[in-house]
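Got some structures for you, see below.
Shared chain: chain A. Partners: chain B in the first complex, chain C in the second.
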Partner chain A sequence: MKRMMGFIMKEILHIVRDYRTIIIVFALPTIQILLFGLVVSMDIKNIHVGVMDNSKDDVTRAIVQKIAATERFKISEVLYSSEDIDRAFKEGNINCAIIFENNFARKLKNEKKAEIGLILDGSEPNTANLTANYTMSIVRKYQEENIPIDLKITQVKPQILMHYNPQLKSAYMFVPGVIALILLMICVLMTSVSITREKEFGSMEVLLVSPLRPIQIILGKVAPYLFLSIIDVVIILLMSYFIFDLPMKGSIVLLLLESCLFITLALSLGIFISTIATNMQQAMFISLIGLLMPSMILSGFMIPIENMPDIYHYISLIMPSRWFIVIIKNIMIKGAGFWAVQVETYVLLGMTIFFIALSAKRFKIRLD
Partner chain B sequence: MRQILYLLQKEFIQIFRDKFLGKVIFIIPIVQILLLAPAITYEVKNLKLGIIDKDNSVTSRQLINEFSSSPFYTIVTQTYSENKVYELLENNKVDVILNISKGFSNELTESNSADIQVVINAINGSAAQIAAGYTSGVIMNFNKHILMKTFNVDMARLETININHRFWYNSLLDYYDYMVPGILVILVTSIGLLLAGLNLVKEKEMGTIEQINVSPIKKWQFITAKLIPFLLIGIVDLAIGLIFSKFVFGIHFNGSVLLLLLHTIVYLFAVLGLGLFVSSFASTQQQYLFSVFAIIMIYVLMSGIFTPFNSMPEWAKKVSYIINPSCYYVKVSRAIMLKGSGFNDLAVEFYAMAGLAVFYFSIAIARFSKTT
Partner chain C sequence: MENRQKIIEVTNLVKRFGDFVANDNLTFDVYEGEVFGFLGANGAGKTTAMRILCGLLHPTSGKILVAGWDAATHPEDIKKNIGYMSQKFSLYEDMTVIENIRFYGGIYGLSRTEVKSKIKEMIEKVGIGGLENKLIRELPIGWKQKLAFAVAIFHDPKIVFLDEPTGGVDPFTRRQFWGMIYDAAKSGITVFVTTHYMDEAEYCDRVSIMDNGKIVALDTPANLKKQFAVASMNDVFIKIVRPELL
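Showing the complex of A and B:
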């Protein structure tokens, strides 16, 4: 035990004295949380509109006014022809073009029908879709406001409630994802690289002939990363609580325990990768391409899994972070207790046991 | 000149004799384009609908019918119990709840308008907004088609503005067409930034750089020989990615391949320069990996690949314009591939990337030194 502590001390010093790595370990989650919280968002905020008004009457001007008055929209170009529209799109100056037909107001009055053409830049599908929604609802509102009072319109009005996240903050989506991603990076990438480093430099030989047992060497190697990761989880949780007002509806103890389980799983994955890789670059690329990249996309972090093609539903099942993200969301945002996340917990536990067993089997005391 | 050729030969042999790395270089684009890109879709389809119908009238059933015939909804449950439906919402078995209160149809006949409660799981805010849009759309249709007929409103007197909307350049809003240019940006960025610098730092970490330092090879020769292989690998990988996305998934490529190539080369110079600069600070591969990882993350997130560039705050856009070549390259690759933009449309972006390339190379060369 004393030997073991000595070894852990050596490893901690190893990491702490490499101050550049330490800075990055703490800077990464901070940067990520700040980026996701303050900079990027899925919300469509500045929609640049080009207007081609062939009619220029009171109605079209009123509608354009109404669009311009909406916070999201910005009228940025006046267009005169369809070549104009094409050019504005190709230069990327507008997201959508609104075209009013000739004699718009007169048609509306006499024929009771007039048409607006709305052209959207399909090269950004999500923006295009939401822009279409927003524009249509502005025009709809304009119409509702201008219905003559004596005209009786029977209608059902939807009252929409945004449950769990009434302000539609994107933090609800990204915080759980950032926690999972950071833990994977530190535990898998750093551990696998630092173990293979010993192999590549030949210092593993020194450790293997020492009186330390292999299990002690491995535990000693991963223990410091366990501490670093827990600190990172706490940093992320504090930031999301104090800066982004994210709720903590469930038990924080449960969340930390689940995080420890996930960290253990990630560490065992890191160890497993280090048993396959012979040098640091291999360890890096296996971790990055085999685990981190798929985790970013297939774990429901930024892209909801339900909307992916069916085959990805099955692939996502083997992504540890997919399960962990569900656990975090349920505990933090929905206030779920252990029973609500037990299936996910058992899956993570099973994966942990599997990878520990696999790495124990593959770990070689002898050098080849 | 001959020295550079020898050095280049050495680099290529080194890269491709490493059986693992030699393979990885070509596996990355295939994994990204074949496996990951098709998964990225923000499309909202198949909303799971839970219905609480306490009214149980002809009108409420007609409304429910309108939903069940819409391709966007699957009705998961229809009950009188609010608790049951909310429990399903909590377990993600239901995305949208339609709550029709008792007396709904009476209210409609008496006061001409009735509210209906729609509850949406909004943890994913952007998907929730799209779901809200669809739901309002279905209810609007119901108002138009069913109610106006049933309640005999004088339709002829109502003025209606029709919105006829079309999506240009990607009429079906295919997310694969949208994502491939973005994924290619990530691909080119990681090759230029990660691989080249890693290779340099490895020489430092292993100590082999000493041999170069004592040789008569000049600084610029060494740098050129280190970077050219990765410039070529970046271009080859881009080609592999394009070929796969074209022939396996039939992506639409509307612009000029040569124009994309031209922009890619300029962009690669910018990221290679940056990689060279960062590598001068790192002494181990681990340090370099994590620094570059942080940079790639910032660049990619602030470039508009996954989220709309215009939605960022003004200050962030300015920062991105000044330091981030990726934000230009993303715009360029989407504009060329999807919209068929020409050089003149994208001249600003071209010169901005070229400027950044010159800038990054100058600071990198200033930092780089053969002495330790």
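Showing the complex of A and C:
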């Protein structure tokens, strides 16, 4: 134990001496949160809507009024033909066209079914997606209030996401993602680089010849990063709570425990990468290109997983951050307890055990 | 010499990497307190053998006793009794002299007070008084190597393994370095050293010369020179490894 402490002290010296490490560990989360929060706003505002009402009855008028009453939507044009719609889109007057079919109210009453068409600007997929969801929720709300339950507009698909994020605040989406990415960055990148640095400089040999056991060397290497990562989680949570009004509905203890699990997984990934890489550049390359970039793209943080082609959907299943993001969202925003996130937790636990076992095996092989 | 205590006993050591035989049936002993030179051309297998003795590699077969412990069954006990200086690495560049010493003292289980009292003695020996709080990267390479050697024997090991310790060091510093090696041997530490420099081989009590994974000669420098009827260890080496050149 005393030997371990000496080793950890040395690691802390490495970290303190290199101001770049300090910047990565403390400035990066702060910058990322502010960047995503203030610059990369995914909120939808000022949606210009064109309405083509072929029915002009009480129901359609009421729905249009409801849409016009929200802050986000602005009825910019009344349209009369499909040529009209094309023109309005091309001139940039509208981002969204809503079309009611003929005899909307009567069909709804007699056939229990009526159609609303939505035309969106697909060149902005995220905005289009959010706009569609939001419009649907308004229509659905109208139904709930005005139409008996057995008369449903069948096209309307209920959107669960909406339910927990009624204002569609983007902070709800990016905070969990930023936490996952920062933890991956610090744990995977920093540990894999710091272990391969010992290999590259030859100091690993000296350590392995010493009475320190390999497990002590590895634990000594990762312990400071475990500690720094937990501090980072707390920094991000405090910033999202005070600057972006993110709720903390679930148990903070559970969230921190889940974070520790994810950190352990990320550290074991870092150790695993260090057993493959022979030098620091390789470790950095594998961490950044092999892990961080796919995590960013495939974990549902920037691009919704539902929008991905099947193949990517399956690939996303092996991204640790994908599962962790679900856990954070459920705990923070929905206030879920352990039982609601147990599947994700077990997946992370399984991955952790897998990579620890694999690294232990590879570490031994390297000695032979 | 023969009545001295054996500290390293190697019997029929074989190390294979796939089809390649790096160590082909090595058998030799090293005696307590001697300076044992381990010579050979690049790729002759000396680093592999040294790594096996230090516990960094497992042998394919053979029996190895280091400091009285069997390498196959008690590697941890061997580690407590040896020091090691690798050819690549000396000390952590971003740490000061004192911090490096404290760190190595720490991983060998020395207490803080032990470390404190030994540091003073050591700084005098290496002659780097006043530089205790300098970062290693600010020191010239010669001093780094001397300091690295002092650190490798800081915990008073029974044996110290030096893997080409004087690479890239000027002749004057090399001489000083060998002064330190003799001092260590005098104080009872066995020195096991690999080297390319044949003038250094002359300084050893006994040398072994490896070629193609085998030990082809093992004796005192004087006896080897007599046996091969040449004037220097340099010629002994060439006669063994490249006889066509003489």
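Here is the rule we go by: the second predicted complex is superposed on the first by the 243 of 368 C-alpha atoms of A that agree within 3 Å, B and C clash if a C-alpha of one lies under 4 Å from a C-alpha of the other, contacts with A are read in each partner's own complex, and residues count from 1 in each chain.
Quick note on the criterion: a contact is a pair of C-beta atoms (placed from the backbone, for glycine too) under 8 Å apart; a residue touches a chain by one contact, two chains touch by 3 or more.
The model shown is predicted, which means the values in this text are computed figures rather than measured ones.
Applying the stated contact rule after C-alpha superposition, one finds that A:I289 touches chain B and leaves chain C untouched. In the superposed pair of complexes, A:M190 makes contact with chain B only, with no contact to chain C. When the shared chain is aligned, no partner comes close enough to touch A:L269: not chain B, not chain C. By the touch criterion defined above, A:M5 reaches chain C but does not reach chain B. Once the two complexes are laid over each other on the shared chain, residue contacts for A:L13 go to chain C alone; chain B is not touched.
Using the contact criterion defined above for the overlaid structures, shared-chain residue A:L208 touches chain C, although it does not reach chain B. Legend: residue contacts after superposition of the two complexes on their common chain; A:L108 is shown touching chain B, with no touch to chain C. When chain A is checked against chain B and against chain C, the one touching more of its residues turns out to be B. Residue contacts after overlaying the shared chain place A:S123 against chain B, while chain C stays out of touching range. When the two complexes are superposed on chain A, the residues of chain A that touch both chain B and chain C are 18.
Within the complex formed with chain A, the residues of chain B that make contact are 18, 20-21, 24, 27-28, 31-32, 35-36, 38-46, 63, 89-91, 108, 112-130, 132-133, 135-136, 139-140, 142-143, 147-148, 151, 153-154, 156-175, 177-178, 198, 202, 281-282, 284-287, 289-291, 293-294, 297-298, 301-302, 306-308, 310-313, 316, 331, 334-335, 338-342, 345-346.
The touching residues of chain C, when paired with chain A in their complex, are 54-58, 76, 79-80, 82, 84-89, 92, 94-95, 99, 102-109, 161. Those residues of chain A that touch chain B in the complex are listed here as 18, 20-21, 24-25, 27-28, 31-32, 35-36, 38-48, 63, 87, 89-92, 95, 108-109, 112-130, 132-133, 135-137, 139-140, 142-143, 146-148, 151-166, 168-170, 172-173, 185, 189-190, 193-194, 197, 280-282, 284-285, 289, 293-294, 297-298, 302-304, 306-309, 312, 329, 333-334, 336, 340. Only residues 2-3, 5-7, 9-10, 13-14, 17-18, 201-203, 205-213, 367-368 of chain A touch chain C when the two sit together in their complex.
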